[in-house]
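Before anything else, here is the set of structures, which you'll find just below.
You will see two complexes here that share chain A, one where it goes with chain B and one where it goes with chain C.
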Partner chain A sequence: MPKIKLNGKEVEVAPGKTVLQACVDNGAFVPHYCWHPGLSPAGNCRMCLVKVSNSRKLEASCMYPCSDNLEVTTEGPEVAKGRQDVLEFMLINHPLDCPICDKAGECDLQDYTYAYRGGVSRFRDKKVIKHTKDLGPNVRIWGSRCIACTRCVRFCEEVAGTGELCLVNRGDHSVVDVFPTIPIDNPVSLNVVDLCPVGALIDRNFLYQARVWFARETESVCASCARGCNVKITALDNRIKRMVPRVNADVNTWWMCDEGRLNTRYLADDRRLTASKGSARDLDAAARKGNFGIVLSTYQTIEEMWLVKRLAEAWKAPVGFLTLTRGERKKFGGLVIEPDKTPNRRFAEKLFGELKPVPAGCKGLFVLNGIPELEGPPELMAAANGAEFLAVSDLRKGPLVEKAQVVLPACAWAEKDGTFMNVDGRVQRIRKAIEPPAAVRAEVAWLQEALGTEPLSAEGVFLQAAKEVPALAGLDYGKLGNQGAASNGH
Partner chain B sequence: MNREFGAETLVELERICARYPRREAALLPAMRLLEREFGCVDEPGMILVAKLLGVSPAHAYGVLTFYTHFRRSSDAKVLLQVCSTLPCALKGSESLYDHLKKITAGEPAITLKKVECLANCDRAPCLQVNEEYIDNATPEMCDQLVAQIRAGRWTPPGQIYSVPPNTHQPVLLRHVLEAGSETMEHYLARGGYKTAEEIVKSGRNPDEVVETVFKSGLRGRGGAGFPTGQKWKFLAKNDKPRYLVVNADESEPGTFKDKLLIDRDPHQLIEGIIIAAYAIRSKTCYIYIRGEFGIGAWILQKAVDEAYEKGFLGRKVFGTASEIDVTVHRGGGAYICGEETGLLSSLEGKRGNPKIKPPFPAVEGLFRSPTIVNNVETIATLPHILKNGVEWFRKMGTEKSPGPKIFSVCGHVHRPGNYEVPLGIPIKELIYDLAGGVRGGKKLKAVIPGGLSAPVFAADEVDNGYVKVDAATKAESRVPITMDFESIAGAGSMLGSGGVIVMDEETCMVDALWNTLRFYAHESCGQCTPCREGTGWIAKLAGRMERGGGRDDEIALLDEVAANMCGRTICVLADAAAMPARSFVKKFRAEFEAHARAKKCPYKHGHAPKPEPAGVGSH
Partner chain C sequence: MTNYNIGSLFKGMFRTFQHLVGKKATLEYPEEKYIPRKGYRGEHRLKKDEQGRMKCVACFMCATACPAECIRIVAGPSPWPDRDKIPVSFEIDLLKCIYCGMCEEACPCDAIELTPTFTQIATTREEKIYDLQKLMNR
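This part shows the complex of A and B:
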């Protein structure tokens, strides 16, 4: 392995690594725009200039190979001057419209400019104006903000495989565009917005929705399929404004799909179920009369499933499942979109074995449906119609809820704490990002009420479950951290 | 609307695709097919070729918009392009454009555009009507031209070739003015292809040929002056195919030698290709010819076809087991495709973005295979070296810059044109004796010695030599400038492509710089930040200065911004823009100051200061 001297300190570098990778791996700060670990290098932004011992000029570290005994300097007046100059060039045609730019507050151009320059512009001439327009259903471009780093173009070519974006024109008229009649419309299109180091590409759904510094960010996991992409939920005024991926090499690498990102609207749906009818104790009383069945969706958390299992044992009730699969398994680089559109089926199978269908012919039925888009499939409606007693927990109003004697509104995944086990058996935490509607209580709270046990937090329930469920052995919330952990036996 | 190619065109496209290891490399040729079949490259056409070549329509669109020479759906039947780069501008192309704009206004049959250097600088100002060149254009000629186009009876005048008298015996240019010099018969009659045939048939070790070229000291004639034999020796030894690429993208403003070699002696070039391909063990050669050379591409293709017919190219070269395929690949109008890695990107069917080095093309170039890129003049010199020997070659020129070299002289001289002379002749001999000095009895003001990218010399340096400071004693002395790589570099400029642009005393240097910088701003590929933004910025600074809006402190700013562009980019286009800017400011600062002071251009407003030729050391 080659050894290089990085800011005077000797470090070992894996063969084939570039100077920038060596800097990133060893904690030396090197500003960059066009380089991204998930994309091929382009070497065009010239921001990652460093001093290397075998060149008289500054070199772009993202393309510079590490050779043995290479001395690399990432700081000092010469390097700083190089970066200042590149930033000055970057800003001359940039509109500096930060006050109305949605990237403000999380913009690399802002951050590096703040770090490297004063606020004086020496440019007095007319700026080049480039197009502002929609590039697709979810993406809008402010071309004048574009720094032509081509991250988005490379993403569409290398990861999405759809190639809708290109750089058009040349010189200072270069700007990202689509073919005139073909919009960017692919399952992972919004990643280009995250990739954009400036405010050129904006998520149309997030446009003018929030100043990020007023918003609250919560680390969580997407619930829209069994992959469990690691996400950050941005919320303001108790509304989810957007979701962006967090890096997790074992789950989703740097990316997530558009469907998952945008699958938050049901939280503020007009038909959201907010009022309860009866109580968990009523449910327990009815269930204890016998011939009782439970219907559980694979959208429920590990903690909820664990509590339901205990209820089923107490009530001697069979448990049937609501699941949802749609489409094919799709792979985009390190991201897989799973056909299983629920986040916790894998754990349900660990806990209950093979998932059984909705139990038929029960006198009483308890339906726990957290699947946002699933409303009363025929076999469930048939079972409900045949039952004398019906208790329902759901997100939205519907025919089932109207029929029910006991209604316990469901808490959406972003409104509660808990854990999911993804398709690979990885256990990951979800965290409460917003408050549920006023009268809505977390499922773990009323499930414990039904059980008549001492109420514990989700974390406490998990600890209990971990003691008894082999797949969870040895795990706790601390061990799960923000990257999750493989479950026992994986 | 859907576009479809006819069956014959589809076969033609497949034949083109078969000449490249990847289909997408045929993107530029496919766009030429669209032009031919449908009159332009439009959106449905792009969708068609994208589908046929297996690329995304967006990729095709990005590529198309990179190049300026493809006919677009908004272009009229007659595309009139006025060369607007410095050599033509010095001869009045800007007022010619204004005149044409007036007389073509509202004319639906004509689209008028400005175009960058057409490599016809000895016949400036020039324009292009579709593929045809119009030389030495005057307003009267334009009136006539437009009237004829309107009446639908314009016929191309045909290109005139001339080479001014020269006291040195030409080598490469010896036959270019003879009737039929471009034909196979003519080339064979003067002993052509004998050298290549002898080498190929001898079955001698190709390394010996490399060694001969190495020993001859031949240096690349395209601009960088890198020793050709040395470049060949850098070729990576692996089992990938090796490519020979001929750089016929002559587009350094002020340079027009390759065009003459292509148009008038294409077989000399092809013989050189056979020798080079044999030497470097390449079976595949691409000639990348700039898009504006439509006629040159046609002539070259005809010559290549003739050579295939004769069995000099193809499967059994000269009846031996040697193979060499030559493909003429036409560019799309982009100066940066003359940069060797930009050229390779373009040849791969992409935007002409230069690639990061290392790896150098000799190690990993075209289609990621070892590749040699040589200029037309370099390749055309090979038959002469191999025929006459290293000693003969080295008798011409200097120790480090041996051999003959073609200098293209243009601008305000009596006899603009191509002068083939031994390297190392005095710059004064070239400008005053051969080219006849400054026309109209005017005084010399400045000379750009090696194509537009080279730093400018003030008249004083040309006339009296550059100031050399002895490193030890700090003593100053004057050293005459000679036309070889070392001398010009010693004087702070570069020999480059050998395009010599001469400016007389009435030239406004601020205006000349503005024109120069507009060229680079237009031609920057746009990938590296300092170049993409910097070329535009310094062009705007110079422009404002020329128009009277400049401030005194912005002279230093111009120099500093230019300095900040240097050495920070993937290729040297940024430096090529910055070096002229810095040298203009350094050597003609007084003129910039006069503009800033007067708040207008002193030259264009009647009271030009009879400026003292601003020499080195005078400021």
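This part shows the complex of A and C:
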């Protein structure tokens, strides 16, 4: 293990690591654009210059290997001057359109310019204007803003494996582009927008939607497949504007898929169910008459499933399941897109054993369907037609809701607190990012009303469940934190 | 000896006499029109360029600088090739506004301006929320 001296402090580094990696691991700040922990180093932005004892000039730390007794200095006037000069070159062709650039406020070039440059340009020539165009259905490029760090190009080659993007032209004319007739249209294409350290690549769905400093970010988990990628939800005026991945080495590494990212439109759907009919107490009264069945979707949270299980025991009702499977398992680097398009199937299996189909021939039926794209599959419709009493909780209006005697509108996953268990058995928290429509209550509230127990928050219900469900033993919201925790017995 | 302060007394009498014959400070409003001083901060307006288009590029700098949070902008893509972004809607709630002029100072395009108009007549709260058309046609 080579030992290096980092800013005068001796640290041990794993063999084969670069100086930048050692700096990042030991908390020494080194600005960088082209280096990304999930991609191969390229060494072309030159922003990560540091002073090393082996060399008379400053070295790009992302490509410099750690050798024994190497002395590394990441601060000081010489290093600052080096970074300043690199920035000056970058800003030669970078337009001053921060006020209308969507990246402003979270832009690395803006931050480092603010930190290292005096704010005066010595460049007196004409700037090179490059193309502004759509590279694909979701990605748009402002070429003039591009600093040619090639993060996006490397992502398409190394992680997506499709290689749509390339760097065209030479010198200060070089810019990212696609080949004619081949747009960037892979299932993980929007990660290039997060990777872009400047505002060159922009998400077309987020374009001009919000200035990031006005928006509120909530750490949550994506509900669009069983993987449960860790995300940050950006919301403004009670609307979800975008979702970006959070780093979680055990779940999604740095990436997430486009489908999950864009699957938020149903939250503001015109057909959103907002009015309730009857109450949870009516449901309980009807269920106690006997011959009652429950249909539960695997989109519900752990807390809700556990409450439903207690209801099922009280009512002696069989529980059938609604699930959704589409496509096949796809792997992109550290990211896996699951065919199971519901977030909590794993916990349903742990709690109820093998998932049974919709119970047929029941006199009364209670349907808890939180799957946004599922509206009454045929077997459910048949069971509902045969039932005398029907209670439905759903996100959107549909044929099932029209038939129901009791309607309890559902909260979408971004509108409530709770937990999901992902395909690997990892329990992760979802947090309320936006308010549900007025008069829509969280499921845990009215499920406890139906049970007739003391109303607890989602956290309280989880603590109760953790006492009785072996898979959750010893867990609480504090232990889950923002990265989740592996469930017991996994 | 008693000090009568004769000097100060005459000075005061002179000032009183001066105001008696000098220019009157009272304005017979509304018969007489009040002309505010230069730089008076009244109602806002959005400026137009030479072609009559709005100058605003919806950068939200005014909304960011506004201490009263009375500016509400919705941005959209521009139909003109010389710019990327324009406001689809631009609303200023003059009931919230404190007329500090920070929006004018923050604007990078010199698009928003506080005019000397200080009279505002409105019978409802909605009328005091000025929209894009109203702000442009001032």
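The rule we apply is simple: the second predicted complex is superposed on the first by the 490 of 490 C-alpha atoms of A that agree within 3 Å, B and C clash if a C-alpha of one lies under 4 Å from a C-alpha of the other, contacts with A are read in each partner's own complex, and residues count from 1 in each chain.
Everything that follows uses one rule, which is that a contact is a pair of C-beta atoms (placed from the backbone, for glycine too) under 8 Å apart; a residue touches a chain by one contact, two chains touch by 3 or more.
The shown structure was predicted, so the numbers you read here are calculated from the model rather than taken from an experiment.
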item: First, second, both or neither for A:Leu311, with chain B first and chain C second; value: neither
item: Which superposed partner A:Ala383 touches (first chain B, second chain C, both, neither); value: neither
item: First (chain B), second (chain C), both or neither touched by A:Thr181; value: first
item: Touched partner set for A:Ile100, first chain B, second chain C, both or neither; value: second
item: Touching partner for A:Tyr208 - first (chain B), second (chain C), both, neither; value: second
item: Contacts of A:Gly163 with chain B and chain C, given as first, second, both or neither; value: first
item: Between chain B and chain C, more extensive residue contact with chain A; value: B
item: Chain B-touching residues of chain A, taken from the complex the two chains share; value: 42-47, 49, 57-58, 60, 63, 65, 82, 85-86, 88-90, 92-93, 122-126, 128, 147-148, 150, 153, 156-157, 162-174, 177-182
item: Complex interface listing, chain B residues touching chain A; value: 43, 46-47, 55-62, 65-66, 334, 336, 351, 356, 358, 521-530, 532-537, 540-541, 544, 554, 557, 561, 564-565, 567-570
item: Chain A residues touching chain C - in the complex, by the definition given at the top; value: 97, 99-100, 132, 207-208, 211, 213-214
item: Sites on chain C touched by chain A in the complex; value: 57-61, 63-64, 75-77, 83-85, 108
